[in-house]
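In the part that follows, the structures are each spelled out as structure tokens.
Paired with subunit B in one complex and with subunit C in the other, subunit A is shared by the two complexes that follow.
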Partner chain A sequence: MMRIIFLECKKVFMSPLFIGLFIVFSMFNMYLIVDNSYFKEELKIANGLAETYGLEITNESLHQLEEDIKLEVGKMTEMTGQEVESVFSFFDQLSMEDYEKYSEEEQSFFHQLQLKEAYLNVAKQIDSDYEGLSMKALAEAEIEKYQLSGNAAEILLTEAEKLSIRFDKLKQTGEHKQWFFLGQPYEMHSFLFRTIVKAVVFEALILIVLATALLTTYEFENRTHLLVYATKRGRIVMKDKLFASLLVTTVIVAMLLGVTLAAYFTVFDYAYLWKSSISSALNWEYNFPYITWWDMPFWKFLSLVIVLLYSCILLFTAITYAIAVAVKNSYFTFFIFAVFFAICFMLPGFMPLSSSLLFITTFNLSVVVMNPHLLFTGNGGLVMFKYHEVLTVTVWTVIALVLYWLVSNHFKKVDIH
Partner chain B sequence: MLRVLWNEMKKIWTWKMLGLLFIVNLILFFLVIEFEIEYFPNGRPELDSYRIGMEMIEKYGIEMDEEDIADFKQVYEAQVTEADRYLQARSEFVEVGWDTYEKYRAYDPFEHPEERKEELDFQLMHEEQVDLFWELQERERLIEFHDWKEVGLESIIADSPEPQKTRYVELLENRMFQLYPEVAIRNFDRFIEGVAATILISVLLVVSPIYLQDRNRRLLDLQYTTEKGRALYRTKVLAGTLSSFWVVTGLLAVYFVIYAQNKTSPYFDVPIHMFIGKEYWYDPTFFQYIVLCTIGIYVLSFVFVFLAMGFSTIMPNYVALIGIQIPLVIWMIGDGFNRLLTGMIDLWTAKWMVPTVYIVFVIVSVGVMVYLSKREKKRDISM
Partner chain C sequence: MIVLKDVSKRYGDFTALHDINLEFTNGLYGLLAPNGAGKTTMIKMLATLMRPSGGEILYDGKDIFQMEETYRTLLGYLPQQFGFYKNYSPKQYLLYLAALKGIGKKEALVKIEELLEKVALPDVMNKKMKKFSGGMIQRVGIAQALLNDPKVLILDEPTAGLDPKERARFRHLLSELGRDRLVLVSTHIVSDIESIANEIVMIKNRQILYKDSVEKICQTLEGHVYETSIKYEELDAFRNRAILLSEKQEQGNTIVRFIHKGKPDVAWLPVTPQLEDVFLYEYRDDVDGEV
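Here is the complex of A and B:
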């Protein structure tokens, strides 16, 4: 039996198509990473701050940083021969030609100092910025934006209240006061989780759907079904095929994620920021900082996202398997799966804006995997529920099991000719 | 002959395939096309842009001479006076010192923010959405564009590399300036890219299995020993081509009928270099540009249909057949259509580039088909 599974897996891994696609996808991901790496030197500042002043932003460490910057600004006064108050004001009155006069070393010194000032300014403003944030106002803005009413609006407001409690606690514990890459210009969180991880999810889905369709329909498409299903093992071989598909999925996702994340962390250095919280105020990209339901350091968020996406993709494998057993044709399997994925993704958009159906329909796997950067957060639009991810995976595990039970019962009795 | 062709067509157009084609189109329509129809013009100031554009065409036709421009400025001045009166009539605006439109415009929320003014501005533009003020903004933008054009073009000419420079000089000498609001043509660009993606996926979906399904069913042994024999391969090429032609034509018809809802037809006679924004190598009218894009969709669709039939001949199974086309399709949707369709005569793509790519595409795809149909005559099919 182990031999059957091994040979099934071999069909995928020895196929030039899968090897080719894997290489194309990996190269594409690396291109994405390198294409966005022009500012990677600047990112070292955040690491340097966390290294020198500790990860937590406290009043003392902030004061220390301010003093150090003042010292360096003093150095700048010496270098430039003019009274410099801050780098920003210095750059304000500096013309391009004057700037060119300084040596490269000096330019880079100015630049570093300017970045430090930028970090300091953001850090100093955290408290006043956070005072202006209200979860209720956020929910009301969402209601206005999507024009929700009735039940839907109420649900959103209740969730906002829960999030408010979490937000107050977050402010007390100081989770938000940790150094991280500045969200405004760099958007590293979105880049990693929305651009890169989402690309990996898409590529992985293409590969695993093709692989599962190949394995499951193999006997019918190669006209070996009369032989294989008449052997002693017979129709139970379908179980081996499912198991092999799950195994292939696991390996493919691991390889794709491995290659991509290895490239990512080689290019971008997170050395001192692995423990920095996702809810950090510095990780503030758009109108709102990310607010996770639980305290989530970067490493934990990353691991949980990987675990969650793994579960989703394995469930997709099971669903593909069910489709493939039912239609017995890999061509239609692929497109039916694509249709299924797209419909799940679009479903909430067609729900009435006043009913709780709007939220119930977001509990599906497509919605979960399409927004990796908003996972586990409380301000991710319509999917802000605390247990959204966990509940979705649980529900769909049950659905997948039922599907499996249905198709295997169906296959036991189906006419094979 | 015709009966065989008819039967081959029937093999392509199964009920299952029709159903799938319908659902796939429905999904892609909502994903990539519907937005450009439902939300056109998309909010403000796009709505005002669209309306002023309509007014310009109605009043001045498709070209504006100096007289027309003077008239346009006059309309603007009249609206400014009207805005002055509007502001003066409302005490809350006069209170903060906004008794003329000029003073209102002079307010800079970034340099000297004032809370009360901010509130009033929000009230005026967003809560009450006074048309007058939105229109004034748009007219200002158009006038600025007009006044800037000669100076602007001259400095662009000074900075441009050679082939583009000649074109810019030509634009300047013939006084072909960008004057009309660009909402309609940019909307069409996004719309047609969505349509192109939908059509590409649709034809590939229909035509890809054409040879593989017979090979899978071991039908070749039977087919190639009939009187018609291996000539059947060519009949299938014809069946696939005809089917694709109907898919492309049918879908184009459907989506263009839907596009008619945008009511952009008054813009059709305007030469595309008159729209603000992109520059082009040639000067077709908007309508000719639409025709050009339509031809582009036909050519590109057939290129990929021929390639798909080629893959269908040589790939060992459906999974490989789909897999090999995925990178191609992703590239076309993500980047290709932008360069080869809406960017066909874009000034910043080399003039020879797009025609060359089309020619290479056509030669390669037709070449593949010719080679494979010749090979089919001698191929050992016992394998």
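Here is the complex of A and C:
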């Protein structure tokens, strides 16, 4: 059986289209990373802060940072020959001509110090900023934004209450007070998960749907079906094809993600921030900071996102397989899958705004893979449920198993012409 | 032994085969019928690719669809039309099929070499099949059917695309194989099996017409097959008197071979019926003249 699975996998990996697409996608991901790498040097500040003052932002460490900045500001006074109170005030009154009089080394020093001040300012404001946050207000804003009513509004408010408890706990434990890249200018969380990881998911989906459709319909499209299904292995070879598809999916995800993340972490240094919480106040990108339902350091979040998306992609493989067995044509399979994916993603948008269906329909794989940056968080709009990801994967595993059972039984008995 | 018991096959309202009863033991059987008579349907059922709409197919008393891979282990099958992997060499392709037939790689490599030798393709063993002619592909097909040394060998139109020399070689191979196994060859080309088949099965009107030796089938026309020489202008009138089997031009006249079941003309030369005569007679168009 292993030899058959290996020979099936070989059919995909020998396909020029497949190899070509893999290279194109990998190059595109590299381009995305390199194109956004112009600020990578600035990111070293966050690492430096975590290295010097520890990952946790405490009153002591902040005090120490402030003192160190004062010393450096003093050094700056010496360099510039004028009294400098802060780098920001220095830059406020500095003209471009004057700025260019300084050496590159001096400019770099000013700039680094300015960034440290920025981190310090944000860190000092965490408590006051968090005091103003209310989960209920967030839910009400969402209700207003989507014009929800009835059941739907109630559900959202109930979830907001649960998130409120989690938020209070987060404030107590200080998960949010950890150094991380500043969210506002860099948006590193969005860049990694919404841009890069989502691109990988899309690319992987294209490749796995093509690969699964190719393998499943291979005999019919090459007209070798009469030979293959009359061998000893017979129609059970479809099971081998499914295993081969799942194996190919694993290799594709591993290779694509491996190449992309290797490039990403080579360009962007996370050396001292792997253990920093995703819920860190510094990772505040838009109107609201990310609040994960569980304490989740960056490494854990990244790992869980990879495991979750991999599971979703495996389920997509199984769904593609079911479509391919039914239609026996790789082009139709690809098209039907694309329509299925799009419909699932848009489905909540067609639900009544007062019904719980609005939320129920978000429990689908397309919604999960389209928002990797919001996974496991409580502020993901309509997908704020604590166990949304786990429930979605569980439900769709059952659906995929039922589909497999149905198509297997159908194929076992169908006449092969 | 394979037994077809009251086997029928329907596609919606259309009945392809109706109440077929047959028994096959070791030996070479020719399944003879014109295109569209249901040969391929019967063969696909024997290859477990299609299920009968009625009746059952038994191998040594067991339903072949319940036996599943136990039955298919014994089966070698060459379909009428089949594809191949264009970018594979015969060796790679046969290795894949060998894996599906449950043959280990080492054993398969030896067998593949031996079989490609047998079908005269040893020199192109590692060449991509996309450059192969139809005859070469057909020979690869024959090789794959023999990979597992099958006890039941089913060949659907196996000589399609083969040149006369290859056909002769293939006939020799078939008679060799038919000695110790069940070989069923479906064809509409009488000469492919006439000289080598132990028994001929003929299907007509969705049912079995004959299942007998060539001699016995030919005996059904004994005393009714003649040859005579007529003028070309008389040919049309002659068609109304007898069933013409063949005609050839010779020294300005036409030599006709025909069937006539009434009182013969003294000028007619009685000849020994051949299987082809029976074939042409049984599958003649309904508009043919009196006999």
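One rule holds in what follows: the second predicted complex is superposed on the first by the 417 of 417 C-alpha atoms of A that agree within 3 Å, B and C clash if a C-alpha of one lies under 4 Å from a C-alpha of the other, contacts with A are read in each partner's own complex, and residues count from 1 in each chain.
Please note the rule applied: contacts are C-beta pairs under 8 Å (C-beta built on N, C-alpha and C of every residue); 3 or more make two chains touch, one makes a residue touch a chain.
Treat the numbers as computed from the prediction; the structure is a model and nothing was measured.
Asks: Determine, for the superposed arrangement built on subunit A, whether subunit B and subunit C clash or fit.
Replies: Overlaying the two complexes on subunit A (C-alpha atoms) leaves subunit C and subunit B fitting together cleanly.
Asks: For A:14, using the defined touch cut-off, is the partner it touches subunit B, subunit C, both, or neither? Pick first, second, both or neither.
Replies: Touch partner of A:14: subunit C, not subunit B.
Asks: Between subunit B and subunit C, whom does A:89 touch in the aligned arrangement: first, second, both, or neither?
Replies: Neither subunit B nor subunit C is touched by A:89.
Asks: Could you say whether A:416 touches subunit B, subunit C, both of them, or neither, answering first, second, both or neither?
Replies: Touch status of A:416: second partner only.
Asks: Considering only C-alpha centres, what angle arises at subunit A between the directions to subunit B and subunit C, nearest 10 degrees?
Replies: Angle at the centre of subunit A: 80 degrees.
Asks: Considering only touches as defined above, state whether A:206 meets subunit B (first), subunit C (second), both or neither.
Replies: The first partner, subunit B, only.
Asks: Considering only touches as defined above, state whether A:3 meets subunit B (first), subunit C (second), both or neither.
Replies: After superposition on chain A, A:3 lies in contact with subunit C alone.
Asks: A:223 contacts which: subunit B (first), subunit C (second), both, neither?
Replies: both
Asks: Looking at A:236, would you say it contacts subunit B, subunit C, both, or neither? Reply first, second, both or neither.
Replies: The answer is second: A:236 touches subunit C but not subunit B.
Asks: Rounded to a whole Å, what is the shortest Cα gap between subunit B and subunit C in the overlaid structures?
Replies: Scanning every C-alpha pair, the shortest subunit B to subunit C distance is 5 Å.
Asks: Of all the subunit A residues, which ones make contact with subunit B and with subunit C?
Replies: Common interface on subunit A, subunit B vs subunit C: 222-223.
Asks: Within the complex, which stretch of subunit A touches subunit B?
Replies: That would be residues 15, 17-18, 20-21, 24, 206, 210-211, 213-214, 217, 221-223, 329-332, 334-336, 338-339, 342-343, 346, 349 of subunit A.
Asks: Which residues of subunit A touch subunit C in their complex?
Replies: Result: residues 3-4, 7, 11, 14, 222-224, 226-234, 236-237, 413, 415-417 of subunit A touch subunit C.
Asks: If you look only at subunit B, which of its residues touch subunit A in the complex?
Replies: Where subunit B meets subunit A, its residues are 16, 20, 23-24, 27, 30-31, 205, 208-209, 216, 218, 317-324, 326-327.
Asks: Using the touch definition up top, name the residues of subunit C that touch subunit A in the complex.
Replies: Of all residues in subunit C, those touching subunit A are 44, 47-51, 68-69, 72-73, 75, 77, 79, 81-87, 95-97, 99-102, 105, 141, 144, 148.
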